[in-house]
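The structures considered in this document are given below.
What follows is chain A paired twice: with chain B in the first complex and chain C in the second.
Moving on, here comes the complex of A and B:
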């Protein structure tokens, strides 16, 4: 920690939040709000004179409310930076008539109530997301009586009690009578591994954390009776099994079964645990002076802010989704953004550090050459064909197209800023935009080839590269079967799928068509999928007018983690397909031909490959 | 806007990958390759144990010269996994990397249609046909080189954020470590001793 604070290459921005991010790999523009500390960081010597005079006493967050602090405080003695901070919510203010005592006490005069929040603008090439986890709040698990029984603690509260720097100077005491408990019981998997309440996943660290705590208790209080109630003990890492053995050898009893209820003895304030011991199949009653709930981890609430800012994706457990679960475990789908620590899933310290070093190495790998090649999947406008309507400029999520409607110059794409979603090409009414590597011709050729043979038996599916195509890959990795007559056509973004591609598929005899993309907020191209949504609604209205059943065109948002959903959607598409008769398909072809769809400018079938 | 017209008919090479038994255990790869050989524009089609392996890539590179191929279709796993591999492979043989196309026969075929090998093989043929059709229309592309800022933003100052920052800073990169709390340290700073070594956390 201290190393990070004094490293010449590290700018430490504490009490700060990232408020905006734009740009792309190699050239991200970041805005950071650095909230006023009211104490000058470089000058404060952390002498503590200010604290002695501060009259405001509030619960101390660092000690999970087990002790108190003042309105001017240092979060903990080893804090980095070591400078004090004023809690603006609690401080009475600096008007002499009200308070201002700290200012008088500070000899170095480093308290500055006029300090204001600063907005900083940073330019960075890569980003490491290490936003961590929140600790599970066991309040909802009423059977454990965390809010009713004073001597039921969480593992984090025990951690603070047992710490020599904690509120009780390392003495493990009961909150009800400040006596050292004779017996302590741990309950595992609190908020973890449950499909009903809390989280379905294993929080990874609680077993070992409990084992560690039992050893510390036994070391401090050899006579203490320590019991652990568990489902399984997961001691899978290096040195873990050894520690588990030491705990058992130290006399800690491990009982397989999770208590169904905790009651308090009103006299002693001790606790009575009723448990179905699954090893002996007996209903047992255990007594303990103190109960520790081994609480799990869950993704922090504010994660969504960063997620949307950087176009990241989440896995079903709520943590960030990596680009590939095994081969790119620290990369996000957004190039140049990497994960470290629990942001990607629950981890212990060793794993967090390992992943952090991996993320650093991946970031260096990008930055070391000093230059970066970007995929040549960009849009280009034909100035001859452009009618200067301005639509492309409006739909571009990156403001990469310079165009002024009515009488201006033809639209022009800034290739370095273009990310290649293709929405402009799909929306251009004059067909003046070529989306390189995903051209009309290339996609038309794919549609034609897909429907060349027995189109009635085929289901063409347009899938975006980042979410739904990845979701289909995930269904594959998970070996989830679905009907084999589905045919995916990949585009970078669902925004690329123009109206004409849909008409073309139907006019080639497709019974049904699926267009799939990222969920709103997950779109890899900021919000390009909103245009997909609008476009599909427009197509549905046209289908209705033409006398075609709109349900033959389906729109689904499928994320990269939703393999199961992808398979289910495929099943549903097959059911829809089975309901389309050859007569309906023949009629559709006639209707579309009469309506002149797909559009006149779309190249005819066989020449499309050119 | 019309696509760039080719001066001559494309000469596509098709490589159907077995991926050990991952694909070949379900899909009849030889039949797919044979089918591909008959498609318009295909100059050469074959099947191979592992296209991504060193010998597999060597064979593709040799064929590009031998059969004068100007397009390559690799029918193997997801392009999300190996597109960079095969782009690099054809580039080493002198072909523009954007003239390589993939058909996803593993994640989106053999792994999900294992119960129905006949339909899986039929689907594999369709996917290859569509990939060949698309490949015919592919055009060479030049990648843009952009300068990269040699600085990193680290969001979160827990143990992971600190470690990543130190590694990057020690290697000479500029790091901005942003933490919402008044001090870095995160959850780890609250722990007294840590497993499995029972030493101090800070």
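Moving on, here comes the complex of A and C:
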């Protein structure tokens, strides 16, 4: 950390908050609120004279409340920058003369109560989001009595006690009587792997942290009795199993079974744990002078602030969602934004460093050429036909379209930010947007060709490039039979399939039409398939009004791995197709012609008729 | 234990019963047994073990076990279970299956007979009817017909005059 602080190319903004972010890859504008430190960074030598005279004593956050600090303080000894800071909430202030003792004590005269918050505006090319995690609070798990029993600690509290720089200078002591405990019990998976209370996922670090702590306890106090109650020990990394073995060899007892309750012995303040030892199949009672709850981690509350600013997504566990779980594990779906560390999921130090290095390399790869090469599949607005309605800006998952509804200039697509899903082109009521490589003309030609001869025997399918088309491919590779009369029309995203394509297919005599895309949450264009869903529901309502059977248009989410499902859906489509009579198709053509569907590529005045 | 003696469909059968849905998510952390008040008095009673046997498919062993009837339905296990198995409800589902297979304990069977014959488990005597009279309520007589009609077991019996509500 000190190295980062000294590096000429790294600017550390501590005690700061990102208040706004806008722009796109290569041109992000970030607003940062740098809070007043009240101590001049460059001048403070961290001598500590001010701390000696400060009369305000508050709990020390870094030592999780196990010790105290003053209102002027350094969060922890290795903090960067190495300068003191005044806690504005707690400081008595200096005007009208209330305290000001620190100002008098400071020889360098670097305490400045007139310092005010600064707003910085930064222009940056790429962003790495590393927002970290919060520690799980075991208060709700009442059976462990964390709030009732003084000698029940969290793993973080033990970490501070065992640290030589901690509140007890590395002495592990009980909070009730400051005696060194003769026996310590650890309980694993506190707040993790729980479908009901806490988090459903494995927090990844607690097993190894406990194993490390047991070894440290055994090193400091060889006579101490150490027990670990666990469900599964997950020692999966390099050297981890070895550490686990060393811990067992050091005499630590690992007992498979989670205690149902912790009771306190009122005399000794020791703790009694009842546990069903699943190895011996016996209900056992264990006593321990101290119990450590190996608490898990969860995403911090404030994550959603950054999420909204940068249009990021979250996975169901509450952490940020990467662009691809295997192939782009450090990229976000927004180009130019990367993740490092626990922002993306629970991680230990090694994994966090690995991911941070990868994120830095990914960012460098974008920045070094000075230019950005983008896929040619981007949208373009024709300023002549644009009616400035603002719909495209609303549907764009990447906020790549600048448009102000009501007056203002025509919509403009930022090619660097556009990822090419085509949702804007599908939703544009004025047909003013051209989706390069997937133009209306190209797709219409495919629809016409599909239904050129024997339309009644054909099943046109609109499949998205990433999931459904790959799913069809998988069905083929896996040699799963499906009806041979299906005809796939590929688009980058199901969001590209406009209402007119569907009407065109039906008016050309298609008996049934299938629209398929990625499952919700899997969409490769953030959430473009939500617009597909909305649009299809809208078409179904229109079909009902027109007197067409809505079943003839089907919407299915098929992933790249679901070849089997693709084949099943196709079978069902074939059954549906067989149920459509030539009379119904002929009638459909008449109905659509009367309704003026599909609407012509024309100014909106003519559109209104449709 | 031989794998051939196990019935893998047993856990699905339990999961189909109301309340038995949670059985498949159990990962045997043993928090249920550690918290169980019955287990602390009678060490043979181990809900984790019963659930494990059921998941393994030891149908006869589970259904014929007298231990399944010891659950006191205090829900302590459901409270501590991280996997939301709802152990008490799963055991109730198992008890229902056991009763259907004819393994209900004699006391339970006697209670069922009592209920079928009289519509209630406790006899309504003079004492209760005096209390009812004090509160201005009509007396209750032994009349299993009422509930049998409610359950659709037989046509509604004509109510004797004087016993309004």
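Quick note on the criterion: the second predicted complex is superposed on the first by the 370 of 610 C-alpha atoms of A that agree within 3 Å, B and C clash if a C-alpha of one lies under 4 Å from a C-alpha of the other, contacts with A are read in each partner's own complex, and residues count from 1 in each chain.
To be clear about the criterion, a contact is a pair of C-beta atoms (placed from the backbone, for glycine too) under 8 Å apart; a residue touches a chain by one contact, two chains touch by 3 or more.
In this text, all values refer to a predicted model and were calculated from it rather than measured experimentally.
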First (chain B), second (chain C), both or neither touched by A:590: neither
First, second, both or neither for A:124, with chain B first and chain C second: first
Chain B versus chain C as contact partner of A:92, first or second or both or neither: neither
Touched partner set for A:179, first chain B, second chain C, both or neither: neither
Touched partner set for A:259, first chain B, second chain C, both or neither: second
First (chain B), second (chain C), both or neither touched by A:209: first
Partner chain(s) touched by A:193 [first = chain B, second = chain C, both, neither]: second
Residue contacts on chain A - larger count, chain B or chain C: B
On chain A, the residue positions that both chain B and chain C contact, one per complex: none
Interface residues, chain B side, partner chain A - complex: 1-3, 5-6, 41, 78-81, 98, 104, 106-109, 111-116, 119-120, 122-123, 126-127, 129-134, 136-139, 141-198, 201-202
Of chain C, residues touching chain A in the complex: 25, 27-36, 39-40, 43, 46, 48-49, 76, 79-84
Residue ranges of chain A touching chain C (in the complex, touch as defined): 143, 189, 193-198, 231-232, 256-261, 274-278, 281-283
